[in-house]
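One structure follows; several queries about it will come next.
In order of appearance the chains are A, B, C and D, and numbering begins at 1 in each one.
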């Protein structure tokens, strides 16, 4: 870490600051410049209160030299992490496709969709049982019953399953779930992350609506530090001023995260755009950007000719986009 | 609610949509226009999947006529809610000042700060015991021990206390806490909100970094729906592109929330700016904007002459800004 | 347009508002609801001051039924616009690749790059002569001399050329330029747009850093209204809180703009990311998202082994990404 | 400036980079650390292409030590700049109030409003003649005729006048205008800024919707570098995701700008909120935050009882807020 001191800092102040830093156990190197003095700080940086240091009157600026994330960092773990779920691999050149309905609604529905997405090329089944909803008056999901129905669909099709968990107290329900999803609103629910770190199950961690990529990696770090290295990062759109899409899908996150970290990176274009007719173009773009997979909402509602699903693809649309994604993956190599 | 149909919608499609809407229990009024048909929907709107409706191919747009929040809505509850904590009132013309350190560090520290902020005019003591931190390697607070020290400071000074809670499992620790704070990262931790709704304690609910004011009110609704009407809303800065301040303090939130809701509205300029020397101007501005109070970080560190605290005021600075805020409140009436 | 009146609006107020609206020439249809009255307004909406209407005390909300952009609107012009420059077509299934250096630096440089990008598959040459720079102390481009050098490179290679223009007074310099570029900072320089509307040259219009897609289309409308229908829209990244990339490239803009408008849509991943090693993945993603082309910065600097250009590709990288983009275009069809 | 090199940089690469930097005229100091080497660069930093340096493969990060703005910088000009217009002073403890209608509509209107705001305590009259509008179909202002009417109002009341200019070609019309306003959309219209720098008139420079405070200061620098030091900075709201207000008024900009620069800082709460009933609270907050003045929209429309103006105050509301602002200024000192 580097601290740049303001012009006019007295020698007494400088010495006092250096003593304070050395008291935290750091080694301090002084580099006098034309108008400023630069301090190079070596050692366990996590012991310094960086905002406090930045706010000192004699300090012009503080800059980290090293990344604050360790276990998720590609620098210390150059080869790609590959998460394995049954026969499915995610990361390290393996492009995985997760598909299924937004919510589990009934046994009939989830089994029908599971069969349809399997036929269309999906390798993992998604389905919401616990639904985080902005309004307390909106449908909150079938909860425990929803998870049981997902497990039925897994038995019927052989597809591994992924579902979102919102609280530590619901973790025991996930025995038969293959991947646990942490939603955008829970990306910084640190107690939940810590508990998941003690689990042996892969975790798909979604980026928060206003979270930087570094914050996403720090949340992965909460899980990994507890011993669970099976973390999949997922870009799902950030909040901006644009209103034609529900969120702004930040596909640049894919190459940035792949550079910074060895963890697999997936993309959720369904939540990222919120509009079914923009999902396929964004799924193709995600594949072209180098993502390790996508998660897509697919529904099947032949009874309601009007409904095309706010952000869900039909099975036929899914099959088409799946084939195109596979071809794009083979081109980009 | 109003649904506007696209030009070119056939009578068959129109009839099919109307039947679908009526099946959900709504009353549908049709209003044919020049190029479009408008449907007026009357009844329990929460039974309609609005994004689904918006996404239908024959639907141009859907607009709500009524607000989605009910119990927090000033329309149905015109008079100001006043939250009372001991002798302190918040809302309805009562301007409350909460002050204290970012973290509880030791008995000596918290009691000294408590006495200092009381002398400076604070009515409620704040202090962090459970600290949500971006990094798992950073200090996470004294946790249970921190709450015990806060209670000691309460006994020593008579000041009511407020502290942040991060999980349902820690709620039992809060018996002697007067106001429970929900932090920005937990604004949409719906299980936590629901549990707090079952409590009898006042809740200070902070706006999330990327949350709209409507979402903040919907989260208040989660608490109020369970029977706890003692909710204090708190603006603490949103995330934008500007980097000179840690967040962008959105003071317009004060008049907007006061108009939409009867709940008290406080402002946290310490987290809102993240820089001590901007805190006083923003505290004064908050008072002038019509807020029902402010929450300020104050620390006391005579041993470390260099430290002025990233975002904390000294007791002397606090006393000065408190006096000015009181005068501003008497001017704006 | 629809205006929703507040509950409790008196008949006298209602009649007064309707009279005011009719005085502007609109036809007003009244639709009484349960708690609210809805007014349907038919006619030339541009004659109503919509913010004023929204702000009236008896008005709950105002919603447009029709889009404010006309000539750029696909509803009134369903077939794709194809912009032709020499033998190059942009739009309507034709994917165009523009490449070249950020700035024109010398005759030797621009001709060498022009030859390299032509060999690598580029169809149009870009190069900055007038450079908008945040700092007045930074290099502002070779200006007139830069345009003359671009014209030399056009003669040497046969490639059509595109360059940015910043003021009306510089328009006369563009006689030999094939496409005039309007930069993000000038997207709402309405005098410049109006002048370009009187020109016969194609205009590439970049989205502003904080501009919505509707605002981009309204700026296109400024050009088209004057008689110049040769407008190419260009997504180049918006400003968000994320700092790993210079801007956040909003690729969802591609399917949204293609749906709303018949104009060609290009993407600039070089400015969109600001980092050379993220440019190729985002160029491939742009092709997969359905864009009508990309604009890429390419430089050639064999003398400086250290320099890889902040956001520029080498000729070899360009050739590779160009081939992959072409293959992706053939897959998505 | 400081450049931090990556771990593993070879001595050859290091020497090559240092040579390249020295060739630009900089003095390079080397500071070897544990894993990294730090280069301290002294001299004319504006000669280095910073993004290029940042993008080099051996460079981990680059940090500026000094601010890029010079003439606007308080470090080099500690005392407040006071802009004088007739008898009115702005800055240095003088709080100035500018008021008037959004647009000049007629001689009768502008003179009536001018007299009303003068009676209410305004010191400078505002009024739009050239109106930047998102839509080409919207009213663009009375243009030259509007400026002539403003001059009439100045003669009738003695109030100095301010109006917005959008192009260099209209500058000659401003002979009788006292302050020239640069709107948010033109904050980076560098040709316009340069021309205004050659003028002798004070310039009120509004912050762009997506502009950082540093960018605002750099735009002031464009004006000041040409010899015109009479620049007033104006916060008018930035674009965020919140929709209850038209923009998010960033009042923290006031203390930040006052710290960074000696220039006066005003606030425009009318455009900042876009809603008349939020304007007064935000004007009071602006005064409390330490601003050097506010600019308010005021209109007078007794004929239209329904109209309360999207963001305009009535003369009575203006007089009340003006008195309260003056009292707040006397409290904050």
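Everything that follows uses one rule, which is that contacts are C-beta pairs under 8 Å (C-beta built on N, C-alpha and C of every residue); 3 or more make two chains touch, one makes a residue touch a chain.
Since this is a predicted model, take the numbers as computed values, not measurements.
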Any chain in contact with subunit C as well as subunit D:
A, B
Taking mean CA positions as centres, which chain lies farthest from subunit D?
A
Subunit B and subunit D have mean C-alpha positions lying a whole-number Å distance apart equal to 31
From the C-alpha centre of subunit A to that of subunit B, how far is it in Å?
26
Can you compute the centre-to-centre distance for subunit A and subunit D, using the mean CA position of each chain? Integer Å is fine.
38
Junction residues of subunit D - those touching two or more other chains:
210, 238-241
Contact footprint of subunit D on subunit C as seen in their complex:
13, 16-17, 20, 46, 49, 51-52, 54-58, 68, 70, 132-138, 166-169, 185-186, 188-191, 194, 208-210, 215, 218, 221-222, 225, 238-239, 246, 274-276, 304-311
Residues of subunit B touching subunit C in their complex?
2, 4, 29, 31, 33-36, 38, 40, 42, 60-61, 63, 65-66, 239-241
Parts of subunit D lying in touch with subunit B, wherever the complex brings them together:
210, 212-214, 238, 240-245, 248-256, 259-260, 272-273, 277-278, 281-282, 284-290, 324, 327-328, 331-332
